[in-house]
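Some structures to go through are shown next.
Note that subunit A is present in both complexes that follow, paired respectively with subunit B and with subunit C.
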Partner chain A sequence: MSPHILKRLLDRLRDDGQPVRTDGGTAAAGSETAGSGFDLGSTLSSLRESDAVRSAPFWLPPFLLMGFFVYGAISWNIVISFTDFGGLQLPTYDPSTFDLEMYRRAFSDGQFWIATRNTFVLLISFTGLSLAGGLGLAILVDRGIRFENWFRTIYLLPFSLSFVVTAVFWRWMYNFDSGLINAFLRSIGLDFVASKWLTGSIDTGALGAIPLVPDTFYFKLFAVIFALLWQFSGYAMVVYLAGLRAIPNDQYEAARVDGASILRMYRRVILPQLRASTVSAAVVLMVFALKAFDFLYVLFGSNPGPTADILSTMMYRQAFSANQWAYGSAIAVILFLVALTVVAPYLYGEYRRGEL
Partner chain B sequence: MSVRDDLAERVGVDLEAIDPLRVALYATLVGLVAFYLSPLESGLMTALKTEAEFATSPPFVPPTVEGFTLEPFGVALNTLSSAILNSIMLAVPATVLSALFGSFAAYGLTNFEWRGQLGVVALFIAGIFIPYQAVLIPLSRLWAIVDTQELLAPVLDITVFSAQVPVLGTVELATHPHYASIINLIITHTAYGIPITTLLFRGYYKKLSTEMLEAARLDGASAFTIYRRIVLPLSMPMFAVTLIYQFTQVWNDLLFALIIIPSGSGPAAVATIALNELTGGIIQTFNTQMAGAFVAALPTLLVYVLFGDKFAKGVAGNT
Partner chain C sequence: MTDTPDSDDVSRRTYLKLAGGAGAATFLAGCTGGGGESTTESTDGSGDSESTEETSGDDSDSSTEYNALEVQHWWTGGDGGAAAQALLEGFNEQYPDIELTENPVAGGAGQNLRAVIKKRILNNDPPSTWQAWPGANLQPFTDADKLEDIEESVWGHNDMKNAYLDGPQEAAQPAGNYVSVPLNIHRLNNLFYNVEVVEDAGVDPASIDSPSALVDAMATVEEAGYVGMAQQTNSAWSTGQLWAQVLLGEYGADVYADVTAGNVEANADAVRDSLDIVKQYSEYYPNDAGSISWQDANSKIISGDAAFFHQGDWAAGMYRAQDDFEYETNWDHVAFPGTEGLYSLNMDSFPMPTNNPSPEATKAFLRYVGSVDAQERFNPKKGSIPPRTDVPQDAFGPFLQNQMDDFSNSEAQPLSIQHGLAVAPNALTAFEDAMASFISSYDVEAAYSAIQSAFQ
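The block that comes next holds the complex of A and B.
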């Protein structure tokens, strides 16, 4: 064994945050003498080579299966978006006919821009609210409470349910006549607030004069966001809780000795250290928001209308209801690029920090 | 020092002292419990009420003696039972397969060192974040081209295979060609499950003692022997986490089933599709809808209540 390998071994142990044990040291000393007769360079390179070969039977089959379905399908989808595939005839893959017509069509389609706007409204407000809600929950649960497991389990419970199930529950929650939300509002004397949450709107009145504020505000998309917040804030809580628990106790102690108030302690000492948790939770939440299709589909079918249409429902509708396959593919490619702009920097950051 | 003392010290609060802040804290926590459980509670109460009762009483109030009925659950069970069996036939193999593949891949990518390894890892992990819309049309094309029933005919007659399930005798499995689409769905879910299962296992294998594996290797053990004798037995806790997490993911999926099961319904429908159809009707029988939601969610709810901590571990690894 060469010292290089030993060093690598120790590096790996350190990377994992485990203390380097003394018995590792003695074992290494023995192997060093055993390996002294070898040509270091060639041993190392042949070892590397053999490692690549030896590991292939394990990772290559899953890689091929996954690669075919993920990267093969994405490439195939990109190709379809260059064709005119539509209706009931089969696609023809003739490179000489490939063009960007479907993308031009999307960019001149008013519906596409509405869906894009809604997608970003959903993405940003859902992610922001879920992070805030999850952080609040995590801080409450982390205050050394009794029955912590019970509280945590209940807050995470909606996350284990399918979109179909939660959409069915929320359709009932939002029901105008007998749903829980309106029943609750009426019981505390707020009858005038009770609304048709899934179809209704409110006149913004004087506020409508402000740029970007529409004259009529439709509840639909925000009803969806609220329900998704209920379903996913528990997820953000779990991620933040792991982040909070990773902060050493003496930092809490130091802040307390300094006489910092609880609020100040969280703001100055704790929150800045939760950056990594925030980033990873935000990425996953955004991906869930892009997948919110199931929820909208159960509530509104494939056409939620202009006030709640998002790119994923529009893509499904164009492809599987209207048989506009190539157009659907082009929208899917755009959606994929949106996801990529979120995920690629995150993965690159993980790679740079050696956490991949 | 107990965990509780430890926590008490770190947040600077004496657990035994009753102070207004603690009371407010617990009041908030309990209020949040009410918020998180209210859709389920009002759903359950509604599912136990007759139509006349749920239309007139507040949704969170338990049914009166006259207004109590189990009929919605009867209807829901009747309508959804075959779809739930289909979901089990889908979710169990898909979950086991993607967990096994994930374990293989993670072992091959973690406990070896070679050039370009991180690039492959990145491709695996990026697969977690794919919006499935980007693969839907190719998937529907692929499964229109590949005739699974025909391909499997020499080794497995799907119709006979289905009829061989003895306990489920009441369910007509034998005649419908749509069952091939469940196999298509199993393959699809297995493939798309591999990235997350690989990530979960990789996080675990990184922490395995390198010395032990290196020692086995110096003793001349092959990569297969090391996996079978050392890594696989040590992975059992992670298999539990992965299986539980992935089972709920596959069970809860609607989108792939919509695309891959032809006409979206029929005897091959899975639970999410059948529930969507049960509740999508024009007649607003909310009690049946709620009962249907509980019946379709029962397996995942059960898994969650029994193994919530393992599920949470899978969630925390999903980052």
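The block that comes next holds the complex of A and C.
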């Protein structure tokens, strides 16, 4: 991004540099020597006059704050990951001692791979299911039902709650004895489905022979995914709803006149036009999935165990409980790269289509 | 509600999340900002410290002026809050001329405070003293040479060396010299039970002589229609505590000490067997163990749904707060089976950092923490017992009086694993990982090798 901005700034400078303004004393002073072409005074005055400089009070403070607190912190974190910083002694930050030991350690750490696997399972299934759920809700709400606004609000409401709140009450929901989920299952006679949602598992039996299918399937991570799904499909719904509303009514009518069934109409006419909504909702959801730390932390503490451990909880433990600052930083950098690979294709796509 | 190191009730977790986030952000900012400055800061800091010490040395001669004392702790509410206030009031009465700043950091069973302290130590800007688990938990500080020897200046006063038993004294010397002063003890080898339930089931808790015998007792209790052991498995620490007591009860204090010292392989059978016993216990946990907190679990004892409960003796605070739930008639306590004569320690202490902003005032405070007066004010309110054995028992309730007797007569005081006394923070984190895996699959072999690599 920054080279782009720089280029634009330079263009502006070049454009604004030549025309001499007469509405200011300093500009007049500069204009006398403008003819000589290569003059410090005129460059300075034109610099002072340029849009970039004149607007500096507006963009410079946030630029510096962001640069320092966000990008500075990220860079510093990367530097720490190259050191052996641990315990309570500051590292020397001598570039000759920098190495990739912490990354090697991560790649040979079984726990790291478990956390990575869980992170990706969470990322993919949560995003996919939220999009599907959100699209379904959006289409239903868009069918011109009564009390449409009510439903829209009800579905969006969970999104406005904090992770802390939803984590606590999902813990109650999942309680084996008194939780609402099991109470509901029992009330409709499905006692055998009622499970210990947070600690239980199911033997996959013969399915375990299929590659990538574990022998024992633990519910824990999927209990987390389901709770997040409940919280975020409302958001996906709103994004899709906006996308649906942007499609002119003519197209629905044209499809109907041509005799398309509802299913066919959505599949062939409507869904292809929701690409932009899908991409933007997916990016936001994926970023939320990577931030699921809060939810897990409130639900299980800093150690959710191998069935629900993700990279961010592991990073926190290594840094703040075990004092392995460098190792924690290395995990953070890896997590950052994962987040970047999620966002980068989107940014690139938008850039290519000239929307950035 | 007690303010114990491990309470993880809802409000605490809420705090935890908020404060933890803020703490993490602060820490990051500290690191980032410190980039260029940190080295200069540290040299400046040490320069300051010399001058401070010189001047305060002069001060102590005239014995009139002290630098302001800053004490950080995580006792912000409930029993802990009241106890901390009582302690600080007592100190104010004795040293009215020392200006005292209390700077508590709430939440996270001390995790938030620990993050703040680490940041301050790294920036060479420690508080005067802070609440810390003693023992191996302080090892990173002694490794980095951040704690001062206080054998003469503090432990030489108030007859402390005679009044403290060996276990607490050992914990005060993580690297072989005295750097910290323990203030209170919570016992970990407890087995609480509901009197009516065990009588109804026909089990006599006093006759259960080993952790493995407890399995049979719980089976009998379950047959009578109660939950055998009220335990939470929502987070791993309770199981970490429980396993340690099983190892201690089944194999004794020497094996326990040997295992925590890192000799897991030499005691492979003991470790595997004790894990297996915990696995057998798990058959008698409540159905909703995975989604409850330790307070929820303890409520099952109070409501008479469960028979036995293992927890630190902060759990008794909930019984005290309950009307019509009396010691010895409704609930009672035995040492965890097989651990009679032992007193498993979980302690809080106040260490003495180097580069101290107020060396003389801190020493005065630490001497006070080690005194009878301080421990008599603090402990009855906290629901813990004093590490000094010469504190009068009058201010304590009947349960704590019995605990104090047990403590005075104990043969050994093993250091806790889960609460940082026996193992350093990185080993503790790895141990908690092992326990978190264990409670999801109860795979004894996997847990054994995880413990082995944790304690190495």
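Here is the rule we use: the second predicted complex is superposed on the first by the 307 of 356 C-alpha atoms of A that agree within 3 Å, B and C clash if a C-alpha of one lies under 4 Å from a C-alpha of the other, contacts with A are read in each partner's own complex, and residues count from 1 in each chain.
By definition in this document, a residue touches a chain if its C-beta (ideal position, glycine included) is under 8 Å from a C-beta of that chain, and two chains touch if they have at least 3 such contacts.
All values derive from a computational prediction rather than experimental measurement.
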item	value
Which of subunit B and subunit C A:303 touches, first, second, both or neither	second
Which of subunit B and subunit C A:69 touches, first, second, both or neither	both
Contacts of A:126 with subunit B and subunit C, given as first, second, both or neither	neither
First, second, both or neither for A:226, with subunit B first and subunit C second	neither
Contacts of A:178 with subunit B and subunit C, given as first, second, both or neither	both
Subunit B versus subunit C as contact partner of A:82, first or second or both or neither	neither
Partner chain in contact with A:111 - subunit B first, subunit C second, else both or neither	second
Touched partner set for A:154, first subunit B, second subunit C, both or neither	first
When both partners are placed on the shared chain, which of subunit B and subunit C touches more of subunit A	B
Touched partner set for A:168, first subunit B, second subunit C, both or neither	both
Footprint overlap on subunit A, comparing subunit B with subunit C	68-69, 72-73, 76-77, 80, 163-164, 168, 171-172, 175, 177-179, 294, 297-298, 301, 316, 320
Complex contacts: residues of subunit B adjacent to subunit A	4, 6-13, 15, 25-26, 28-29, 32-33, 35-40, 42-43, 46, 54-56, 58-60, 101-102, 104-105, 107-109, 111-116, 118, 120-142, 188, 190-192, 194-195, 198, 206-207, 210-211, 214-215, 218, 222-224, 227, 248, 251-255, 258-259, 272, 275-276, 279-280, 286, 289-290, 292-293, 296-297, 300-301, 303-305, 308-309, 311-312, 315-316, 318-319
Residues of subunit C that touch subunit A when the two form their complex	8, 10, 13-14, 16-18, 20-21, 24, 27-29, 31-32, 35, 38-39, 42, 111, 114-115, 118, 121-122, 140-141, 143-144, 146, 233-237, 286-292, 425-426, 428-430, 432-433, 436-437, 439-441
Subunit C-facing residues of subunit A, complex	68-69, 72-73, 76-77, 80, 86-90, 111, 163-164, 168, 171-172, 174-179, 196-201, 216, 218, 220, 294, 297-307, 309, 316-318, 320-324
Footprint of subunit B on subunit A - complex, ascending	1, 8-9, 12-13, 15-16, 18, 23-24, 27, 31, 48-49, 51-52, 54-63, 65-74, 76-77, 80, 91, 137, 140-146, 149, 151-166, 168-173, 175, 177-180, 183, 187, 230, 234-235, 238-239, 242, 249, 252-253, 256, 262, 280-281, 283-284, 287, 290-291, 293-294, 297-298, 301, 311-312, 315-316, 319-320, 325, 328-329, 331-333, 335-336, 338-339, 342-343, 347, 351, 356
